[in-house]
Every structure is written in structure tokens, then in C-alpha cells.
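Right after this note come the structures.
After this come two complexes, each holding chain A, first together with chain B and then together with chain C.
What follows is the complex of A and B.
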């Protein structure tokens, strides 16, 4: 009898081992697929976004003569500010291609350079009024379509009707290229300006400052609140008390409430009832604070729990009060864990956008916000806004903004990892 | 002074009181050799006591004042309005008060209506008085508090115990914020929803199959009746979530099994954090990727095999959302699989089972409740996810289960209804809160269920 069972088992072994191998392969494939998606995502974002860190400039020879500008030699700064730089730019561009006569082509010629060119000249003249009457060679920002062409996104072989750059413009651009009048330089605009309707002039500075304000406030509110709550629940709260249990149930549930619900809360309570300023970093940080509190509390409690009782007993044994033992001994030892939890919560908040759409931080913000009650937007919301714009150049800038955002998140997570590695104690 | 200035002054005052209080108590104490006038507590605690007396009452008044002053000033301004403006419905009055506030913010000279101009001037005058009074009251209160605190500096005062009591209460307050948040969410969402159901019957909302929230702003406008049947939204949400879970559950679960049962510690140490990067990527990035890369890709593939795929198909949003949830699912499953006692695996190996047979017939059944819990949490995550669907799913409320068509979800509609300027009282805006209520209730039930299941399961093996 036993031989037949052994034989049966042996006969089925091949199949069973094959099944084992297959099962293992499924697991491997799952991981590979997930990681492949990660790589794909990163590659996609980086390949789209990296070109945005440079932008195309065109070299113009302009004559800043007083007559074209419409000012006199002894003009006041106010007159200098409102002078007609536009016509100077126009003349400068026309000087590149004096043969162009047709009206439509003249217009196209003007739009080779960005609308920012005249302000660039204005800044130059305001900084040094002596420039009036001189000839200057300036590098001005090119229009976003030209920028896209110069970066190689325009297919020359496509039919002319499908191209944003027409045939006559191609001729011009080739001439400029040959004369060395067109060049890529580092895109400082992207880091020094606010939002703009024109892609080549759009920057992330205002969104970045909005993020900085919002995140600093969030940290300021969430860290003390979260840590104090965690210390109370872990060290002081009476056991088997209805209210304490109720708080714990609440925290656990809040940890998994969809973030958009916090946005509704912010809109209905902070804005409608308390009348706080809409779109401001203040309201945004309130919402984010409530959102990340559970994360901080849960992580801080875990960190406090991992401090062995002997520390508390030692402190109590030499005459410290309960509060002293906790604040002088337990909390400092738990601090690395608490900080790690806080950083993870903050990293979550930095990337969050849905609840902030609800409290109106989705405005078109050109100026850098100057205070916590000014209308502001934040980096993820700026990404959301740009992602909606159809221009190819905005897609590029969206990806670049994502790279900046991801860099922040990676930095924060690295900090958390380093903290954990450096200060983690095994008891 | 503005609130920030007052706060700064207050903290300077508190720091100063700490310093003075500490000094004073030190001066009171005499060494045991000369009569032995011992303090009850360390000098620092006397300092804290004075600082608390100086800071906390003033701080409370400051907070209350800042929160309440605006509505009181508005009431007072409205009371001064001409009577024909006063005898209007609640909506009109709130509109007027908003206009007044805008006037004050944008410069009173811009006012066209003389009555409004007077009101705006009144408002800004009251605001000035209020700010002045706030500064004076708060700072006077701080100084009175300081004086009271100083009187408590006696060797017999149990300063440490009192300070510790205050600390304890502050901590309780901090912990109670969790309750306040929940109460705030429930009341805000519930109240607005009740107002919504006053205008639109609940049955129409829950069982209606047509969603077009455009209500007419003026009575004579055409085509703006607005219908609020939420069934298409619920179906759309479920469809996208189902696609997401179809991706996330198998991939996440198999990844967890491989990592916990097969992978070497070295592989595990690197692959697990790499997977968790997926969870750390902001959802707006996924949304961008879904809308600009995955959706066109799916549409092109569909066109190649002769299928007509919408450019905002449910499939694209669902797939990307699924990828986002993979690490969530895998780390939760990983935890429960690791919690299955080794003895059970050893028993199975001892009977001659292969590793995969052990996993399938012993480990997974034992871990099943935990995995179900993880599944429910993942589902609640998928239902509540906002940015991916806002960017990659459509706005039109189609009642369909075809993943190649565009559908809309509850969260997308909340965002579209509430972004941009609109009156707060229209059915359109309130509908967003009703949707929020539905979302909150569903995710809450899923979460509670999941936490219960996971807890039950943990008890079994501990």
C-alpha cells in the first residue's frame, strides 16, 4: 500500500513543483510590474520636464533712442517706466529681417520674441537711464512656440497646416540659427516669477512661496498639537475611560477619512463660520493640520511606547514627578521617532492638493504672497492648474514643477530615513 | 496692532514674566543655614506659573475676540443700514454683508451706492475700534495676570503641581482636537446636506439617474432646472474603484507574498522601500500622468484594435489609481502575513507541502481576515481619491459600466461644484456637501469594518 502512495506522490511532484515555480513567478512579476510602472512614471516626468530648465533666447540689436521711446533725455522714472519699449523691440526684430513687408508676416515677426522682451528692456533702462540713446545687444526670451521648436518638438516634415511654426518662420529660424542669434540658456524665469498666461514667462516662485507659508504654519500647528495629544494618550490618559477610548477611535477613523472631506470642513467651518480669508495659507494650513494630525499622533505614540518602562521608573525612583519623568526623560528619547512621524506627515501634506482646492487655493496667482492671509496657491495646485493648459510648453513646465515637488518629497523622506538610522535605539 | 503683533508682544511678555518670576522666587529662598526658607518647587516652576497667568487668559480672550469680532461687527453694521435694505431675506442680507466686506477690502471710494458707502465706512470704523480695543484689553489682561501671578510667589505655593495641572489640561485639549475635528466634519457636512435635502428630496438624490447640477441663476433663464440624481456618480465611482482594485489587489497581494515568503532579506530591504515610493508620490502627479500619458495611450491602443475609447476613459483613471494603491495593499498584507505564526508554516512543511501550497492553503486562509481588512481600506482609499479622477476622468455624468467611456465620480463633482465663486446657499453648492456626506458615510463604514476585522484577527494570534 505504502509504495503506491509514495509512487502517487512522486508522480505528482513534477506538477507540484511546476505550480510552485509558477506561483513564485507571479509574485516576482507583480513586483516587477509595480516597479516598472514607477520607472515609467519617473522617466516620463523627467524626460518631459528636464528641457523646461532651459529656455530659448534670441539676440536682438536694439537702438534705445529717445524718439522711439517717446521720452526726453531728462525723463522722470515714471516717464521711463511708461515709455514705449514695445516699438523698440519691434524695430529690433524688424532689423533682423528687413525684407519682410507683408502685414501678417510682420505680426508673426513680432511674436518671435516673448511679450516679456519689452519689460526686459524697461528693467535695463530703469536700472541705468544712461542707456538711452545707445545701441545695445540684448538676449530676450523667445516666444513659447519658438522655444518648443528650438528644443526639437516641432516636426519639420509635418504638413504646414498641422504645425504651429509655418514655413516662412522656419526660414527665419534657420537664418537666426546660422547667425548664432538663437540660443538656450538656463531658465531663471521659472524660479523667479509667478504664474503667467504665457508659458515662457510662467514660474513657480509664487506657488513655492505659498507652499512654504502653508507648510511652515502647518508644522507650527500640527507638531505641538500632535505631540501633546500623543503624550497625553500614551502616558497620562486613564485606561478604560470612555472619553479616552472615544478619542482613540476618532483618531483611527480620521486617519482614513478621504482628504477632500477635510476640505469641505475647512470651507464650511473656517471660511463660512469663522470668516477666515479664503485662499489664504492660514486656512490651508488649518485644513492640512487636521489632516495630518492622526499620522503624527499615531507615529508619536508608537515612538513613546517603544521607550522602556525602566526609564520612567528610574526617573520616578529618584524623585521626579510623573510630568518630569515624561518631559525630561521619555520624550527626549522618543524624539527621533516623533520627528520621523512628523516628517512623514509633512511630506504627505506637501503633496496634498484636493482639500486645498476646496478652500480656494486654486486662484491664478501672479504675485508672490507677502503674508499668511494673502491669496496664495501651492505647488501641487499649480501643477494641477498648468496640467489643464493645452500649450505644449505648459506640459513641459508642469513636469518641471513636478520634478521640484518630487525633489522636496525625496529630501524630506531621506531626512526621515537618516533620522531613523542615526538616532534609532534598540532597547 | 494686528493679531500677529499682539501674539508676538504677548509671547515677549510671557517670557519676561517667566524671567521675573524665577528671579523673584530665587530671591525669596534662603539657604538652610540661615533659617531655611525653602521653596516648595524649583524656581523655574514659579517662573512658569507667572508666565501662565500672564499668557493664557490673554490668549483665550485674543482667540475669542478674533473669531467672534467679525460677525458682531457685521451685525452692528447691518443694524445701521436703511430699513428697506434690512427687511430682506437672509440670503440678501448675507450678500450685502459680503459686498460691504469687499468694499472695505478694495477701497471704499469704489462704492457706487451711497447707502453701501456709508455702511462700508461704518464697518471699517467699527473694525478699527475693535482692533484697538482688542490690543488694549489683551495687553491689560496680560499685565493683570502678571500681577496676580507674582502674588503667588511664596515658598508655600505648590507651583510645580499647579504648572503640571495646566500642562495636563493643555494636553487633554490637544487630544480633544480629534473629537472636535470629527464633530466639525459631521456637523458641517450634515447641516449643509439637510439644507440641500430641504430643496431636493433625498429620494431624488439617492435614486435619481440624471445628474446635471446647473441651476438657473435668474428665474427667467432657460434650461437650468437642475437635477440631482446621484446614481450616475455612484456608478462611476464604483466603476473606477473596481478597476483600481482589480489592479491593486492581485499585484499588491502577490508582491506582499513574494516579499514576505520568498525574497531574501537583501532584496526585501531594497524592494519594499522602492514600492513605498509609489505611495509617497503626490496624487496630482498620478493625475497628470493619467491624463497626459496613460489616457492617450489607451485611446491609441483602442483605436488600433478598432475600439472607440473616450479620451477621458474610466480605464485610464482606474489603472493609475490602482498603481497608486498597490503599496498600500502590499504593506498592509505584508503585516498580516508576517503575523501568521511560523509554527503553522512549519506544520505544513512537515506534512510535505511545498511553499506555495503552504501559502495558499495555510498562510492565506489564516491571514484572510487581515487581507479582507486591507482590501476594505484600499477600497475606501479608492473611493475617496480625488486628484487622479479630477484630472483624468470626465465631467459628464454618464450612467454606464463600460470602462472605455468617460464617467464622473463623487469626488470630481464635489470639486467642480465648489471651485470657483458661487453663492453658498444655492442647491448646486449644497449638493457638494450632500455628496460629501455620502462619501464620508461610505468610507467611515468601510474603515470601521476593516479596523474591526483586523483587530479581531490580531487578537486571534496574540
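What follows is the complex of A and C.
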């Protein structure tokens, strides 16, 4: 290298290194920024959502006497079921504050405990009818306003008119606190029940099961369909054929269609034409399958394309048929890429709500779905519904539901990553 | 055969010599194949007449190739880059069928059977005519599975013991068994380039083909690995017919009985290797082997 060239190169070095440093800085800044937003978001969700995993209970001493319940000693289960547990709860609460006489205040007293309290007693009695005629101490669910108060969301110093807990209720609550009759416990209700109008009785299970059913079915339909379509298009379809190109262009277009359109299509085709059950995970999964198919096909084709042709030739060269060379060698090698595409598609689907609104999965679902044709809702829709509710207690449940959704997603991705690791081989 | 041979070639008397000129001009002068392209029927393994190959857009890569390939012989195919050696080789096991837009015409027969015939199955043909590629392409599986793949595919082994036997004998024939016998379950892709190529050869001979096509099998290998493979080819000749494409004339001279010289898609000259290198009949052949071009 002549001296002049060496000089020129040296002169440019400073600039090059500076540029390299700048780019590294840009990269670092963008990662730091996104991390910051992520941390903020997580902090927000977790700080709001974690309290929802506990709920407030009140200790009541109740007398399950047959007279109050309005049943006889030899009541049938049916009679036991419809007995007047409400009165028992009412008496139990009044026993805590015998001084309260006024009608309005008595009503307020009753609303210290959740509407679930009477069902709690009902469950106890149905499980063990011998309890009738005994005195029992039970922890019953508190009303959501009490729950919010106990979790410290109510400001005592605020003017009474701005508080959902009035002064006389504060007195009661302080008394309960002093007697150790009010306590926080793990919120099992949240994980074992469906939605409810009453926040303290609302649970995520129906939405979670809805999501589990819908996602499992989506995976079941979309994965084989998408992979088979990709394999056919990539390995077997004639090249430079008008129809093949036509299909290809359309798949790419479908990938960019707004998801709500798929919902409309699902409504028109699956529900109106084929008469499938509305609001069911089955229809929801059909819609989501249509939605994520293009993603899976495109990613799978890219993965198949990246398998070196020499592998195909090697197999063909020792007498493997086309199908054998594809399924013994090409597909296993493309599997990591195919699974990545599937993860992206599924992650997209699990958070999607718009298309499912169209097929009725927005319904208020109390019962946990037990099959793929039962009415169901899904986590994102449940989040939307709760976020839309005015009660303070629903706000924390919204965040809690988001945590569940995130956990569901992470679990799903973890599974896919483990699978992908299984398929990743050294070249 | 070494430099002496090539020097002799330069000095050898020449019989068929078109006027000297550029490469393009010569192409028009290739009217038929000179030398001895044809063999007795009973010695012929592969018989090819009037073979033409077209790629997409009617781009012709092979023009009217007529040649016989003998039983248990090693035939070397030489010629400048892009002259169609690989293309012709791939006609012999119908590997060109797998290339979109590639069309092969002409009559190719294996033991007298038309390989394009209706009853001929390309999968069966490829089991009978194995191929080793220029770049080693072991499957990303264990060494054992690489070799066992073909026998498993064709159901050649009745049980595990037989399969073990086939794997061991194939690896031994390919001169690889000693090196890998303790790590048969490790990935074939973890071997060195030369070992990988021998693994590919073992994989091919494991299905006991009648013919092995080799497309520049040693082009990526060092001289020692090359020597191992050349020895192997010499041994394999006892049981197989071998067509080998090579860019090394020394290699062609060392291992082959006959040599075919291709030029721009045409088969210029076929003859006993010794004759080709000592007494080429065509000016183009002479130019090529003396290193005047190509």
C-alpha cells in the first residue's frame, strides 16, 4: 500500500469509528427507551393489579336456625337450596351492631357484606345439612366498597359527600377492625368464578377458559393448515404458474386486512350461513385461524425457503421421493422458523378482541364454559368489559386480568420456545 | 500420471485440428464427438443418444450428446466451467427433473432400459444411480442416521443388526469408519469437510447403487483427503460404475479409464484416458489439457 493510500485510509478512520459509536449509541438509547416504557407499563399494571389477588372478608356469627331459614328439619335438598339464607346473613350482621335501629342504616349494615354471603351459607348447608340448628362463625366476602376501604383506597379526610364510605360506616368499620372481624385473604373467587356485576364476586375463570379453548382450537386449526399450505406452495406448487402467483399475492394481502373484517366474515359465514353457535370458542377460533393463517404461511414459507437446496438434493440423490425429502429433512430443518411464525401468529391472536366482538364473544359470561360450543368470552374482551365498568374495584381487576393475560401469553410462548429448541439442530 | 504426461500430450501428434482461433469459432466446429464414444452393447451400462437439455426460456445447455458409459469403469468428465458437465451428469439420474423449467430430450438407457420410460420410476432410478455432490451435504442428523437413511428408506435391512452391518461396511468402504466409529451418534455436520464428503459417499454406497455419479467430489478438499477419496474410487470400481466430473486433469488421469471432454454444451471428445492425455484428437481438447484455456 502506497503511503498516500495509507494516509487516506487513516484520515477516514476517525470518521468511521465516530459513525460506529453513534450507531451504537442510537441502538442503546432506543433499547433503553423501550425498556423504560416496558418497566413503566409493568409497574403500573402490577401495582394496580396485585391487590386484586386478595379480597376482604368479614367474620360473622350466624345462627342457622330452621325457623329463620324457613325450612323444616327434614327438608329436601331442593328446599335447602331455596331457603332464606339472606335473613340469616341479615341477622348475623345486625348482631354485630345491635344499637342500629333506623331502617336506612339497617340496609346499609346489610350491604357491608357481599351478596355472595348468603350463597356461601347455602353452599355450607348443602354440603352438610346437619349444620341446621347450629351456631357458626363464618368469614364472608365483604362488599367491594368495603374491600376498597380496607385496601386503603378511601381517603378518610375527604369530604363525606365525595366518599363512598360514609362517616357512620367508618365507625362500624373501625369497630370491626378493632374486634379483628375484618381481614384480607387470598382471592380464590377471582380464579374460580366467571364474570359478575358485583366486582367482589367477579372472576377471570370463564374468560381464561374461553381463551384456553379458543387458542387451543386456533392452534389446532391454524398450525396444520398454515404449514401444509406453506409446504405445498413452497415445495410442490408449479413455479411461474398464474394461479399459484395469484394465491400468493392474495395471502400477502390477507396478512394486512384489518382484523375486524375477519370478524365480519366469521359472522356472515360461520354463524349466518353454517349456523354455528354464536359466542362460542369454536367460531372464535375459526375467525382467529383465518386471521393468523397468512402470518403462519408467510413465515413458514420463508423458513422452508431458507433450507439449503443441497439438503433436498442429498435426499433425492439417494432415492427419497419428493415427499420424503420434504418431510424427513426440509420440514424438520424449517421447524424453528415455522414455530416462530406460529408464535407470532398466536401472540397476535391471543390479544385480539375486535374480530371476536363480531361473533358475539363480547357477551357477559357468568358460567365457566365447559365445551367448545358453550358461550364464552376471552381475556382481552373481559379486560375491555371491566375497564369499562365504573366501580373502583373493577379497575384493579382489569389490571389483574392483564397480568393473567400476560402470564397466559408467556406460558404459551415458553412452550413454543421449548419446542423450537427441540428442533434446532447444528448444521 | 503427472507433468510428464501433460508435456507428452503437448508434443503428441494431432489429427483433427480445425483452424486456430477464438473460443466462439471453435464451438461451430464441433460437429460430432471424436474418439471412441461408443462401446459394445454388453459392456454398456449407460447408453445415451441425442441428449439435449434446455433450461428455463429454452436456454440450451447440452447439445446432442452421444456416449456410452461402460460397466465397472470410471469415466471422467472434464471441460471448462459452464460447459455442461454437471448438467449432463444430472441427466443420468433424472436429477434435472427436480429443477423447475428444465427439459431433457433424447434417449438415455440404463442396462438397455429407457430411463425416461413410462414404467421407469425416478425414485427407483435414483436408488440405482446414486449421486455425490460437489459440496458435502450431510443431513443434520447423526453420522449413523446419515448412512442408515437410504437403507431405511428402501427397507434394505430387516433388523437393527443388519442395518448396523450396512452402516459399518459403507463407512469402511468410504474409508471413514476408523475415524468415526466411536462417535456414530454425533452429528454428521460436525465432521471436517473431507470427512463429510466421505460420509456422503458412504451414504450413497449404503443403498448399493449400480452407478455412482460424482460431481467434483474433491473440489473442496485438501490433497490428503483427495487422495483418500481417489483410492476409494479405485476400490469402488470393482463393484460400481462411476462417472466423475473433475476440474483436475491430474485427477482424471489418475483415476479414470475413459475421459470425456465437454465444450460449451457439446461433447467434443471421448477416449481412453491415456489417449486423451497423450494424443488428443481434437484441437479444443488439446488446448484445454495443455492449459491454453479453460
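Everything that follows uses one rule, which is that the second predicted complex is superposed on the first by the 376 of 427 C-alpha atoms of A that agree within 3 Å, B and C clash if a C-alpha of one lies under 4 Å from a C-alpha of the other, contacts with A are read in each partner's own complex, and residues count from 1 in each chain.
Note that in this section a contact is a pair of C-beta atoms (placed from the backbone, for glycine too) under 8 Å apart; a residue touches a chain by one contact, two chains touch by 3 or more.
Fair warning: this is a prediction, and the values are worked out from it, not measured in the lab.
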**Asked** Overlaying the two complexes on chain A, which is it for chain B and chain C: clash or fit?
**Response** fit
**Message:** Looking at A:157, would you say it contacts chain B, chain C, both, or neither? Reply first, second, both or neither.
**Reply:** neither
**Which of chain B and chain C A:225 touches, first, second, both or neither** = first
**Prompt:** Touching A:3, do we find chain B (first), chain C (second), both, or neither?
**Reply:** neither
**Asked** In this superposed model, does chain C or chain B come into contact with more residues of chain A?
**Response** B
**Item:** Which superposed partner A:333 touches (first chain B, second chain C, both, neither)
**Value:** second
**Request:** Answer with first, second, both or neither: which of chain B and chain C does A:422 touch in the superposed model?
**Result:** neither
**Request:** Have a look at where A:321 lands relative to chain B and chain C in the superposition and call it first, second, both or neither.
**Result:** both
**Message:** Quick check for you: in the superposed arrangement, does A:240 touch first (chain B), second (chain C), both or neither?
**Reply:** second
**Request:** Look at A:310 in the shared chain and tell me whether it touches chain B only, chain C only, both, or neither; answer first, second, both or neither.
**Result:** second
**Prompt:** After the superposition, what is the least C-alpha distance between chain B and chain C in whole angstrom?
**Reply:** 8
**Item:** Where chain A meets both chain C and chain B, residue numbers
**Value:** 321-322
**Request:** Using the touch rule from the top, collect the residues of chain C that touch chain A in their complex.
**Result:** 93, 95, 98, 100-101, 123-124, 126-127, 130-133, 135, 137-141, 149-150, 153-154, 187, 189-190, 200, 203-204, 206-207
**Request:** Spell out the part of chain A that touches chain C in their complex, as residue ranges.
**Result:** 238-240, 308, 310-322, 324, 328-329, 333, 425-427
**Prompt:** What part of chain A is in contact with chain B in the complex they form?
**Reply:** 9, 16-17, 19-20, 23-24, 26-31, 33-35, 37-38, 41, 44-45, 224-226, 228-229, 231-233, 236-237, 246-247, 250-254, 256-265, 267-269, 272, 274-275, 290, 293-294, 297, 321-323, 347, 350-354, 357-358, 360, 362, 372, 380-381, 383-384, 387-388, 395, 398-399, 402, 405-406, 409, 413
**Message:** With touch defined as at the start, can you tell me which chain B residues reach chain A in the complex?
**Reply:** 4, 67, 70-71, 160, 164, 167-168, 170-172, 174-179, 181-182, 184-185, 188-189, 191-192, 250-255, 257-259, 261-262, 271, 274-275, 277-278, 280-289, 291-293, 323, 326-327, 330, 352, 354-357, 359-360, 377, 380-381, 383-387, 390-391, 411, 414-415, 418-419, 424, 432-433, 436, 439-440, 443-444, 447-448, 451
